[in-house]
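Below: one structure in structure tokens.
Naming follows writing order (A, B, C and D), and every chain is counted from residue 1.
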């Protein structure tokens, strides 16, 4: 699965994207965040304040309770600040 | 409907004329009201003087979100043309950031749709601003609660 | 604050830049939001095809009313620049009639002030439109009830 | 007193302005309209539908009950249609 990071999430994790094999037990976006946090302190730092992390599956906004199902691409980013 | 993400600046008159020309091809000149919103870079973030700003976005999702927002506006109001242009990359105080243009036969539709487009763009379109103060570290701009609250005005 | 009555066309980008330059002279670049409204001539009046339109006004009173309206908008919203330009004389479908520009630090002030300016201009500024249909006699445009009603939105 | 006419009021009366001596008995805008109507059928035609006639004294909107007092300039016109 392709995972993308933007803005300070990207900076904290130290990469803009990666391709990862997700264990079957990881069902939801929230599960994925918990699993990513086991990968190292940079992930823990990025996801420390989960309420401020927005997520998108296949380029559509989703909340953390959303099932991953057929996701090809998941992105994590702070609240948007364009305009 | 025009959606563009670009590093270069835009010219408001030119963008309006493009929409008017496109509409004129329909054989009608039924545009009576044109509203534009332009967002520009300010030189202060609260009490901190700003030297420059850089804008990051999520290629692919940005275009998708902006298209969705423009389509929703076209469902809600009888628009005769819609343009959204958002710049990315490095910008300085005074520079243009975003342009929204709405064409309609009547002014209230054009005003409301432009206002709606900006509220949704601010809360939904995946752009992030990083400000470089005159002194010290660059930092990511925080989202505003007021922008989230602005959305509730449009609940049906 | 710029108020102009003129026969010639206007350029929206140029008018915005004039306001931005003027504000920049204050030493600040605190403009974050620019809204423009442009009214244009439509080619149909109801079901009647229109060939041209002519605009008459009350010299002296027009400038006074537009200045009053702009001052009222500046009392109600924290504006950093205001332009109102209204054309007079003969116009054709597609031509610009009126331009309102508002500059502010924040977008809702700029949107509301431009909307307010147009509502008041429509009901208070002494302009009269005469339409020349493709066939038959020219006739004076009737005022719209909806324009009068629009004013009540701004009662304090 | 200078009296101005605009749009179809001007066309019906056949002039855009005139200088008139107003009798002392004419106190309000409404009085002035009644007095102007005695000046000929073109005035009667222009003021036939009084509710649609707007007026201004010294370039400010007034209603028909307003006293003329120190008016130098009075204008009559249809509801405005600019913008």
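Note that in this section a residue touches a chain if its C-beta (ideal position, glycine included) is under 8 Å from a C-beta of that chain, and two chains touch if they have at least 3 such contacts.
Computed from a prediction, not measured in an experiment: that's the story for all the values here.
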Touching both chain A and chain D (chains): none
Those chains which touch chain B and also touch chain A: none
Distance from chain C to chain A - Cα centre to Cα centre, in angstrom: 48
Separation of chain B from chain C, taking each centre as the mean of its C-alpha atoms, in whole Å: 22
Chain C-chain D separation of Cα centroids, rounded to whole Å: 27
Residues of chain A whose C-beta touches two or more other chains: none
Multi-chain contact residues (two or more partners), chain C: 39, 118
Complex contact set, residues of chain C against chain D: 39, 55-58, 60-61, 64-65, 86, 97-98, 118, 121-130, 140-143
For the chain C and chain B complex, residues of the former touching the latter: 11-14, 16, 20, 24, 28-44, 93-94, 105, 107-108, 110-111, 114-115, 118, 150
Of all residues in chain A, those that touch chain B in their complex: 4, 6-8, 56, 59-61, 75, 77-83
